[in-house]
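You will see subunit A twice below: alongside subunit B first, and alongside subunit C after that.
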Partner chain A sequence: MSSLRPGNVGIVIVSHSPKIAEGAADMVRQMVGDAVPLAWTGGDVDGGLGTNVAGILEAIETAWSPAGVAILVDLGGAETNSEMAVEMLPEDRRGRVLVCNAPVVEGAVIAATESSGGSPLAAVKRSAEEFYA
Partner chain B sequence: MHDANANRAAQTFAPLTASAVLVNPVGLHARPSVKLTQCAKGFAAKIEIALAADGPWTDAKSPVKVMRVKAPQGATLHFRISGPDGEAALAAMLALVHDGFGEA
Partner chain C sequence: MSLDRVARERLVRALAGAVIEHADELTSLDQAIGDGDHGLNMKRGFEAVLAALPGLADKPLPDMLKAIGMTLVMKVGGASGPLVGTFFMELGKALPEQPSRADLVVATEKAIHAVKARGRSEAGQKTLLDVLVPVHAVLAGGGDAKAIAIEAAQAADRTTPMLAIRGRASFLGERSIGHMDPGSRSASLLIGAAVETLEFEVNT
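Right after this comes the complex of A and B.
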């Protein structure tokens, strides 16, 4: 679920549904390729629909890049749990992880495309958020 | 003096233009858009695309903007490129279109 390309911004996909998260990650892999660190997480700790902070932290770790990580979320708890996960990161990493205000599937593909071209974290986030612009 | 410099700069990076017909079945849909953007990002040159020779021009390095062009199969894609590696960029972009973005 991860690949080695330390220079590019990592992408984390967080959905209430593990199927959506995995499917969005599949789209990123097929459309954008392997040049971007990528991880997904979905579902609550009991395997139902939901999100959990531990899973998000693990995904951030998997997709970690010195260039930072952009998180794409679907609804409500995915966003608040992602923000909570970011707050729990070590201080030196916290500032390099951003939650994007973008649709989860489209945003993930666009963010990964931007990242694959070597763009910095702010540009990756901005590009994903163009969908709502 | 200032004008002479501006003129020289303009000559160095005079925009290159060319066009190619989209041959791949679905036109410039999501996957080709991503490929086009990735290819464009590999060059320093400013790269723009349009469906008509006189624009409106779209930044080829923006995946969201490229997808919004919604260029169908059979459409003529115009390129306007300026920069130090403009010629190589133009060749790469045209090759990508002729090749149907690897789909044809």
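Right after this comes the complex of A and C.
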């Protein structure tokens, strides 16, 4: 999935369940449209429940935007694997990808809404996290 | 300590074997307080490590450890992949090709620090750090292979009455008490396998 407006912050959805990740992405598309670069990943490398660094790196690449990428995660391993993936990015990209401390579905929709208005990465992350607070 | 190619391959096979042989046990520990995938995940990771032999053992020790770490990061999944993978990667970064015991003490301390940062955790929270930290203390204090292996096993046992504060088990709150931490068990298995193999190689 890629966007016609690459100036907006990209959104990556990471869930242990590919169905949840895909479903959350569907909700983002329906509610926010195509204004933001969006990608999802879920499941371990064998297709079971879990998350994997390679899949997350691929999703970051798909949703890449010069404005950066906000990652929404579900449970612990999704967060740890996402942080690992961010560290493995080339240095010039590493600082432009943030993992949000927000619920995955609501956070993704709110982050995408904020991004679609052209907000910078920090504001996108803040909006997603404020919903949680 | 000088590890030739044969010794490096023996080390890799011992590490992988310890995890793979105990995969069912790790899974059942994880079913009690986690999501039940620890054995399967670690097994998948170490099968991928085995699949990288014999070429893996051709690498000098630091590069071999970094390669093991990267394989675990990419294949294990869960939180264990980045945590255990980071340990091996940092160990590889910190060790010279022919490490002395003092090098090993310094390198493991750096690797433990990296695991703490990765998991934003400290010892006492019912994680693999509850094995790594006390085992490092025995290593730094001059303990021999047997003392290290014993401490690793006992440290894993000591996680049983602990309350989980990090990781999936922390969702269970007090119900996490009374079960051994699966990550501590796998760490103790790896340490036990490593010292058993290295015991014959040490000549610091």
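Heads up, the rule we're going with is that the second predicted complex is superposed on the first by the 133 of 133 C-alpha atoms of A that agree within 3 Å, B and C clash if a C-alpha of one lies under 4 Å from a C-alpha of the other, contacts with A are read in each partner's own complex, and residues count from 1 in each chain.
Everything that follows uses one rule, which is that a contact is a pair of C-beta atoms (placed from the backbone, for glycine too) under 8 Å apart; a residue touches a chain by one contact, two chains touch by 3 or more.
All figures in this text were calculated on a predicted structure; none of them were measured in a lab.
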Side-by-side fit of subunit B and subunit C on subunit A, or clash: fit
Which of subunit B and subunit C A:Met31 touches, first, second, both or neither: first
Comparing the two partners subunit B and subunit C, which touches a greater set of residues in subunit A: C
First (subunit B), second (subunit C), both or neither touched by A:Phe131: first
Touching partner for A:Val109 - first (subunit B), second (subunit C), both, neither: first
Partner chain in contact with A:Asn81 - subunit B first, subunit C second, else both or neither: second
First (subunit B), second (subunit C), both or neither touched by A:Thr41: neither
Contacts of A:Ser65 with subunit B and subunit C, given as first, second, both or neither: neither
Contacts of A:Ser15 with subunit B and subunit C, given as first, second, both or neither: neither
Partner chain(s) touched by A:Val53 [first = subunit B, second = subunit C, both, neither]: second
Per-pair minimum CA distance [subunit C against subunit B, superposed on A] in Å: 26
In the complex, subunit B residues that touch subunit A: 30-31, 34, 37-38, 41-42, 61-65
In the complex with subunit B, residue positions of subunit A that touch it: 30-32, 109-110, 113-114, 116-119, 127, 130-131
Residue numbers on subunit A that touch subunit C, as the complex places them: 16, 44-46, 48-54, 75-77, 79-81, 83-84, 88
Subunit A-facing residues of subunit C, complex: 35, 37, 40-41, 44, 73-75, 77-83, 85-86, 118-119, 167-168
